[in-house]
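Listed after this line are the structures, all set down as structure tokens.
Common to both upcoming complexes is chain A, partnered first by chain B, then by chain C.
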Partner chain A sequence: MLRAEHLSKTYVTTDWSGFLKRKKSKVEAVRDVSLEMRGGQIIGLLGINGAGKTTTIKMLSTLLQPTSGSIDVDGLDGVRDAIEIKKRINMIAGGERMIYWRLTARENLWYYGQLYGIDNKQLAQRIERLLGMVGLAEKQDIPVERFSKGMKQRLQIARGLINDPGYIFMDEPTLGLDAAIAKELRGYVKDLACKEGKSILLTTHYIQEVEELCEYVYVMDKGTVIAQGTPKELALLGMENKVLCVELHENHERLHRSLTEACQSAERNCSIIWDGKNMAYTITSSKDLSSTVAKVLLEQQAVFKKFYGQEPGLEDAIIKLSRRDKDGFFYEGTEGRDEKTA
Partner chain B sequence: MGSFMKVLKAEMRKQHKNYFFNKSIYITLFIWPLLTFISAYYCYKPFRLDKIVGGLDYVNESNLVVFVLIGYLSLVFFRCFVQSAWRFSMERTFGTLELIYLTPANRLAFIMGNAVSSLFESIWLFVVFASGIFVLNASAYNIDMLSAMLGIILLIVLSILWGMLLNALFLFSRDSSFLFTVLEEPMEIFAGIKVPAAVFPIWAKAISAVFPLTYIAEMLRRIFIKGDGLVQIKGFVLISILIGFAILSITILCLKLGERHAKKTGSMALF
Partner chain C sequence: MHCRTLYATFRRNFIIQLRAYPKDFFIGNVLSAIYTAVSAFFMYHLLFNGQMKDSFAGYAGTGDYISYVIIGNCMYLFMVRTLLNVSRSLITELREGTLESLMLAPFRRVQYFLGNMLQQTVTTSGEVAVMLLVCLPFGVRFSGFNGLAALIGLALALVSYFSLSLLLAALMLYTRDTYISQNTLFAILFLICGVTFPVQYLPGPVQWLSQGIPVTISLDIIRNSTLGGMTAAAQIGSYVRIAALSAVYCIAGFLMIKKVESAALEKIFG
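Then we have the complex of A and B:
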């Protein structure tokens, strides 16, 4: 198990205010972050740009030393036993960097395998298996520069598995890929956790990816974890009101009055919006009004196409959470952040 | 030691595949040094070398080609690293350096692999050419074979150490183009390859003393032209060994400081 407790990272930046004058300032990139990764689990690390996700991943992967806090990987200390930990972790990033384009897929994997000191016979078998797993076995001797974006990304996944790591950090692995290839890669990621028991920490801006893959999610903002839970639990946080939708087959004059009266008597501040073009009602309320609405529909014998409650969305929750400060205020915009409302 | 050699070999093979992927590179690797050798020869030719105070009395019209060639051959050994180190610094830009630092690989083996690969890739063609010229003139010289072997070993070892230092410097430097300018041309001028170092004023002699190439070139010239033995070159050998240790220490320090800085600030640019 990988456990990070109270991780903080403060960068000291130097600004030259004159030819010889320099001013040092501190930037707190990550503050008091605690998280856990267990075998076979895919964990999501979400947040808007600059939230501190990459700094957190770099600390977990031993590339950055935390200013305070501790990292424990299978009983090893993140700072003291960094070399041993490096053998048990790996990172997979999105984009086309981090591989050698003039080398073939096989040569890339061989090179990284050698850096991990893997025995040659074992390495050859592993390369064979990984290339087969990511569907590059037939293209293994072609220089990477001739690969498509999707093939390069599949090679990245194989590279990230070359040392058979227990813990994998994935930083936007489907960045810039088309829907079909992204879906295929999500399949690989799922298999890594489910079939091979790898523990994966995934950062992504694609919410669908999180909803499909992640068992547990940490939401970061301004360097700290502002919420955590399963994707469903988090989505509920973003949904403050219940939303009901009713789509009718035809216009129903009497229904509008009865629906308004019934809903407003149940919840005074509810809002009912009629979309004449689509012949649909959207009812927003702090209470669940589904039984009230169903009763009115039956009483008025209204013929409806659809009657459903809107599902809470994780995306809305993250945007909402990211705009709230520690006192519970919401920011009006993501930039500037000087105006806030209760 | 096993894992050190593994990383060393892997890095050599990677660099070979990555930068020497095109056969035409070998043509430029020969033509370019040849042209600069000709330019160095004609730079030396106008000097009355026998009149220069400072020990070039063994050079004359008949051995000038070999004299310049030995100096130039030594330069090729050292200079190939400036370019390869500059290319090596791209590892930081392409993000591969971060992945390498994510592995437990020995950092010294990694930069040594690049240096050794660059050395043998870049110089072998010119070495063949230079050896050919030398063999044609060999009968004119009386060479102490032990000194010659020691001289060549020191040339290879010191140039690899120099390459490792440059790799470490370029790897963690914010402005590698600046280092490129500072290290390439001045080495050629001040190490006595194009112009005899003995004619320099004191300040320029001080600069030439910084480059290990200065000592190696002079030592090899004395061995191969003047016929100096171990006793005569012992001063050069001692200085070369001391410089070698100093270079290795600075390289290790630079690697350690660079990694520590990267862990602290998240930036691979140390200076």
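Then we have the complex of A and C:
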């Protein structure tokens, strides 16, 4: 099990504002984040741009040292036992990085395998299996620079699995991929967790991916975890109002009046919007008005195409959670101070 | 000790080098060799009228200016290539987006740098051989050659260039600059380490500085072993001096790289 407790990271950046003038600023990218990962589980890490997801992942994968807080991987300490931990984890990022463009797919995997000191025979077998798994077996001897984006990304996934890690961190692994390839990648990810028992932490901006894959989700904003739970639980948080939709076959004058009356007597503040073009009603209210609406439809003998309640969406929940306070969408810590350097 | 990282890095670099412009690389080599030889030849015959000052032979241990300069340039080439390759290795990884994936792996830094170094040494040896061949008609002669002394000298020279390049690697990664740091350093080393003229012609304090750079000692050793006919036994003092200096540079370099490495990772966005 991987457990991170009270992780914080403050970046210190230096900007040269003149030839000799230096301004140091601090960005508190992550503040007091705690999370857990277990075998066979896919965890989602969501949040708007700049929320601190990548920073969190980099701390978990030993690339960055936390400013404070602790990481425990199978009983090993994240800072002290970093070398040992590196053997058990790996990270996959979107966007064509982390592979050598001038090497072929096979050479890339071979090189990384050597860095991990994997036994040569075992490495050869693993390369074979991984290339097959990501569908690059036939292109294994072509230099990566001639690969398409999707092929590069698939190779990166293979690279991320070369040391057979128990914990895999994926930072927007489907960034910029077309729908078909993204779907294929989601398939790999699911298999890794379900069939091979890997523990996966995934960040992504595609909500569908989270709904499809993640068992548990942490929502980050301005460096902290602002909500966590299963995707269903979180989606409910975003749903202030119940939304009902009725689509009709034809315009129905009387229905209009009685629907309005019935709904407003049940809940004074409900809103009923008629979309004449699609001949559809959208009824929004804080109460569940489905039985009221159903009754009116029956009474008026209205012939309708569809009548359904809108499902709560994770996307809305995240936007809503992240926008809780109105001042400023992005967090910028600027404790600037001017400094003259000799 | 397993040297997997060393071997893998060595092989990786060969593959990359062979895949990128092998032909241009070879032509470039021959051209720079001709340039070196021709400029030494003209300096000697046109500028100095084939007559060096008496002091030159005293300082250089030989009156053969052409051989002196060409051997200096061969060693300078070893130095430049080592510095370029070893020092730039990490910053190149940073620029090509592979620094993070590299640092995710639990590998030995020494082996990584040595792999880079050895691969470069093999190619540069080829280059130097080409250079010497091209220079033969211009009058390069090993008038006093002691094989053993030269071999030990070359090995120690390479070790010292390696340790120097670790320091430069840290500097480059820290400043995220290759162009200014490397070219400034090359120019300084070329001027004060006795590549084309004996350091004794330099002002006193600069001479003192140049003795603190292992490149100067390495050039002395190589020239003494190829032109001056000195034996290994006669040069033990120089061997010890260059080894000690290298050790200092090497330790300082590794300590700095460790620091700079994590600083570099902190500067990567996204």
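Here is the rule we use: the second predicted complex is superposed on the first by the 311 of 342 C-alpha atoms of A that agree within 3 Å, B and C clash if a C-alpha of one lies under 4 Å from a C-alpha of the other, contacts with A are read in each partner's own complex, and residues count from 1 in each chain.
We adopt the following convention: a residue touches a chain if its C-beta (ideal position, glycine included) is under 8 Å from a C-beta of that chain, and two chains touch if they have at least 3 such contacts.
Quick caveat: nothing in here was measured; it's all calculated off a predicted structure.
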Combined model on chain A where chain B meets chain C, clash or fit: clash
First (chain B), second (chain C), both or neither touched by A:Gln125: neither
Chain B versus chain C as contact partner of A:Leu63, first or second or both or neither: both
Which of chain B and chain C A:Ser265 touches, first, second, both or neither: neither
Doubly contacted chain A residues - partners chain C and chain B: 11, 58, 61-65, 83-84, 86-87, 89-91, 93, 97-100, 102-103, 107, 110-112, 114-117, 159, 163
Complex interface listing, chain C residues touching chain A: 2, 4-5, 7-9, 12, 15-16, 19-20, 96-98, 100-107, 262, 265-266, 270
Interfacial residue positions of chain B with respect to chain A in the complex: 2-3, 6-7, 9-10, 13-14, 17-19, 21, 94-96, 98-105, 110, 262-266
In the complex with chain B, residue positions of chain A that touch it: 11-12, 55, 58, 61-65, 83-84, 86-87, 89-91, 93, 97-100, 102-103, 107, 110-112, 114-117, 159, 163
Chain C contact footprint on chain A (complex, rising order): 11, 54, 58, 61-65, 83-84, 86-87, 89-91, 93, 96-103, 107, 110-112, 114-117, 143, 159, 163
